[in-house]
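Labels A, B, C and D are assigned to the chains in the order they are written; within every chain, residues are numbered from 1.
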Amino acid sequence: MIDSARIASAIETVRRDVAALHGELVRSGLVVWTGGNVSGRVPGADLFVIKPSGVSYDDLAPENMILCDLDGNVIPGTPGSERSPSSDTAAHAYVYRHMPEVGGVVHTHSTYAVAWAARGEEIPCVITAMADEFGGPIPVGPFAIIGDDSIGRGIVETLSGHRSPAVLMQNHGPFTIGRTAKDAVKAAVMLEDVARTVHIARQGGTVVPIPQEKIDALYDRYQNVYGQPADDRD
Amino acid sequence: MIDSARIASAIETVRRDVAALHGELVRSGLVVWTGGNVSGRVPGADLFVIKPSGVSYDDLAPENMILCDLDGNVIPGTPGSERSPSSDTAAHAYVYRHMPEVGGVVHTHSTYAVAWAARGEEIPCVITAMADEFGGPIPVGPFAIIGDDSIGRGIVETLSGHRSPAVLMQNHGPFTIGRTAKDAVKAAVMLEDVARTVHIARQGGTVVPIPQEKIDALYDRYQNVYGQPADDRD
Amino acid sequence: MIDSARIASAIETVRRDVAALHGELVRSGLVVWTGGNVSGRVPGADLFVIKPSGVSYDDLAPENMILCDLDGNVIPGTPGSERSPSSDTAAHAYVYRHMPEVGGVVHTHSTYAVAWAARGEEIPCVITAMADEFGGPIPVGPFAIIGDDSIGRGIVETLSGHRSPAVLMQNHGPFTIGRTAKDAVKAAVMLEDVARTVHIARQGGTVVPIPQEKIDALYDRYQNVYGQPADDRD
Amino acid sequence: MIDSARIASAIETVRRDVAALHGELVRSGLVVWTGGNVSGRVPGADLFVIKPSGVSYDDLAPENMILCDLDGNVIPGTPGSERSPSSDTAAHAYVYRHMPEVGGVVHTHSTYAVAWAARGEEIPCVITAMADEFGGPIPVGPFAIIGDDSIGRGIVETLSGHRSPAVLMQNHGPFTIGRTAKDAVKAAVMLEDVARTVHIARQGGTVVPIPQEKIDALYDRYQNVYGQPADDRD
């Protein structure tokens, strides 16, 4: 009883967070029309909350978010369950099943990240902010299309053991992960920022590489600086 | 009597939709000044509603929209009929006369779509979101100038039997069609998004093609997924 | 007495228009910080109204605009006369003295227009909207620096007898003219739009030229279509 | 007593200015997420005010700003002192210690400035607005990473005796300085504007150089024109 009250409260919190974080995708210019989706794991339960499919960003109230189990099935009778969840729900679910440390997943078609993905080219780590956040290049995942677990598997295989919380799925676009949904959104925002900046840098000529030991030092310091949480710095 | 009340009500609905959808063109950055126009067919009547010529986007109230017959003639005595309709009205009318399945038409001079049109180059289908929405490359229509039916004819000849709801009229810009005005606006928004993304992808190097059978699978699934309407997904 | 009341009223109208039109420069993304300036001639008087120098766009109330004679001298004792006018006032004044048909002048450092100006390269007329508005290429004016009449003279010599209401002053940026201040602002907005679109078109490959007789036909029709004023169309 | 009241009042003013100026970074599109920081020296005291680390731009109230001494130590017991200051505080402090004429420092990762920094390439002075504001090219500073005084030293060594108030730290991004925090923010805004414009100009072909004596004349006039302060012109 006490436990189910705790979980009910956790679900409400995740619904609010996930609904609000979609606004950040809009503010940061990462999505058009109804594209893009954010999900968040419910702490202490085998559940996650995700955006409904095809709903306008003006209508993303917490009670419209959809509660799913870790196989991506909608939990019947819960708020929002009359709608279909995002068509990327299976990929989110796969990540939650296979990466227990992940508490949030984001998918967008943000312009510059998709441009690198369309070439199947990883983004080289040539700016210090990228070393801080991503710890090296941003990797490319396999070409995979919707309909089975191949997208989720591609994400998990590419990101497992990798410093980067972002993967560019070839010809498709980026998925990002984080300890929380907010962390995953931050990674999506920073990814588009570095995807754009490195693209423009390279259009103008040859970029200067950063030595690997400097990348390591920057990443190490950023992940541990002052003992503050990773999403609480500039 | 009953039928004319039904049509009057349908006209009001289309006026409201068409007026509101112009706001979407602004929000999505597809138009400058008074450029761009949206029209919507009145269901059950040989009529459509279109934007007046040269009116500021701040003044696009439903009663300012203009009601036309399918030859593009303004219906005298109706609200807004004291103004001229969009100078592209003849092209919209031609589409409604020749494509009975079309319920909405949109024309913009959105930057990246016009850039492809200025080269007379179709946009190759190298990202999965483009396969979903457009089912292949976005085609180029003929060079045609205002003054007769050549623009309308170019649109209809290019799009008839084509999966793409968008055509790039050479040296001019995009026209998009849809089952409804909202669908046509969605196509205009998605078109500019893919025009920009594929342009940037190619500036950075060689893009990876998507095999034709994968494009077919993506398009087929997207058009039929879950039995939901095409504008109700992400 | 009656005449001076008429002129006082005309001055108030121009102050309101010029103040409001600076907001259009911001909305259209043509200016940063306090850059850019709009002026408007007072009909029936040897006077014009221009923006003060270095005032934030949030403070551009009608009473802060500055009234000048056609030599660019501030009219003492009028509202706003305690401030300096825009440092480009001499160039605006030169245009009003030498082009009696001009009722408005705009100067910006809008990004893509300045980029063409930095190369000293005219913008070729390869899109139909450009043929409509500009009637051909957008010309480059001489390199000239502030301090004497050389900027004003460069504008007038380049635009006299030219269809284009816009000139790209080399290494500096665009000036646009119009029958009214609103027309000149429209030209500044359309100029940046075509400067950006043609730049992007060319980055992707070879653009298709428009035959001269088609440019002539488009320009002729646009300037005379339906007998409506030129700023009242889409 | 009187003196400490004067300093307390000065601190309040700088807190308000620094808090408000972060809003300008957002409005001008120079920052994403919680990135970027502005600081301002307290006149008449060995103190400066800087943004806290990792705080959302929506929460940047004056009382959240952090008061530091010129070694970058937070002054205990003052408002905001319970948080960590920006992780770039040591670099700001170094500048204040070594450049007594500097009253404000700004750091961003604005896209185009970082792109030049990633190539380690100075921005050539090919537009007159750049000659006005920067008096020549915008220089590149050394590669230096966070953790000691090397960033601050690189800024000071590059900007000492240089006309430019902006430096591009290699692979990292821009720092700008000014007599006041507002001046430093203006320099950051103008820097991104010229970084973007010159990048785009060069993508389209060869830019026309401005003769050195013209650059000198423009800079000299702009810094002294009409005896107005440098931030009070357009």
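Everything that follows uses one rule, which is that contacts are C-beta pairs under 8 Å (C-beta built on N, C-alpha and C of every residue); 3 or more make two chains touch, one makes a residue touch a chain.
As the structure is a prediction and not an experimental result, all values here were calculated from the model.
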Original post:
Can you name the chain that lies farthest from chain B, using the mean of each chain's Cα atoms as its centre?
Top reply: D
Subject >> Same-residue or different-residue interface between chain B and chain C, half as cut-off >> reply: different
Original post:
Distance-wise, how many Å sit between the C-alpha centres of chain A and chain B, to the nearest whole number?
Top reply: 32
Subject >> chain A-chain C separation of Cα centroids, rounded to whole Å >> reply: 46
Subject >> Interface hub residues of chain A, defined as touching at least two other chains >> reply: 203
Original post:
Which residues, counting only chain C, touch chain D once they are in their complex?
Top reply: 32-37, 51, 53-55, 84, 86-88, 109, 111-112, 114-121, 143, 145-147, 170-173, 199, 202-203
**OP:** Using the touch definition up top, name the residues of chain A that touch chain D in the complex.
**Re:** 28, 126-129, 186, 189-190, 193, 196-198, 200-201, 203-208, 210, 214, 217-218, 221, 225-226, 228, 231-234
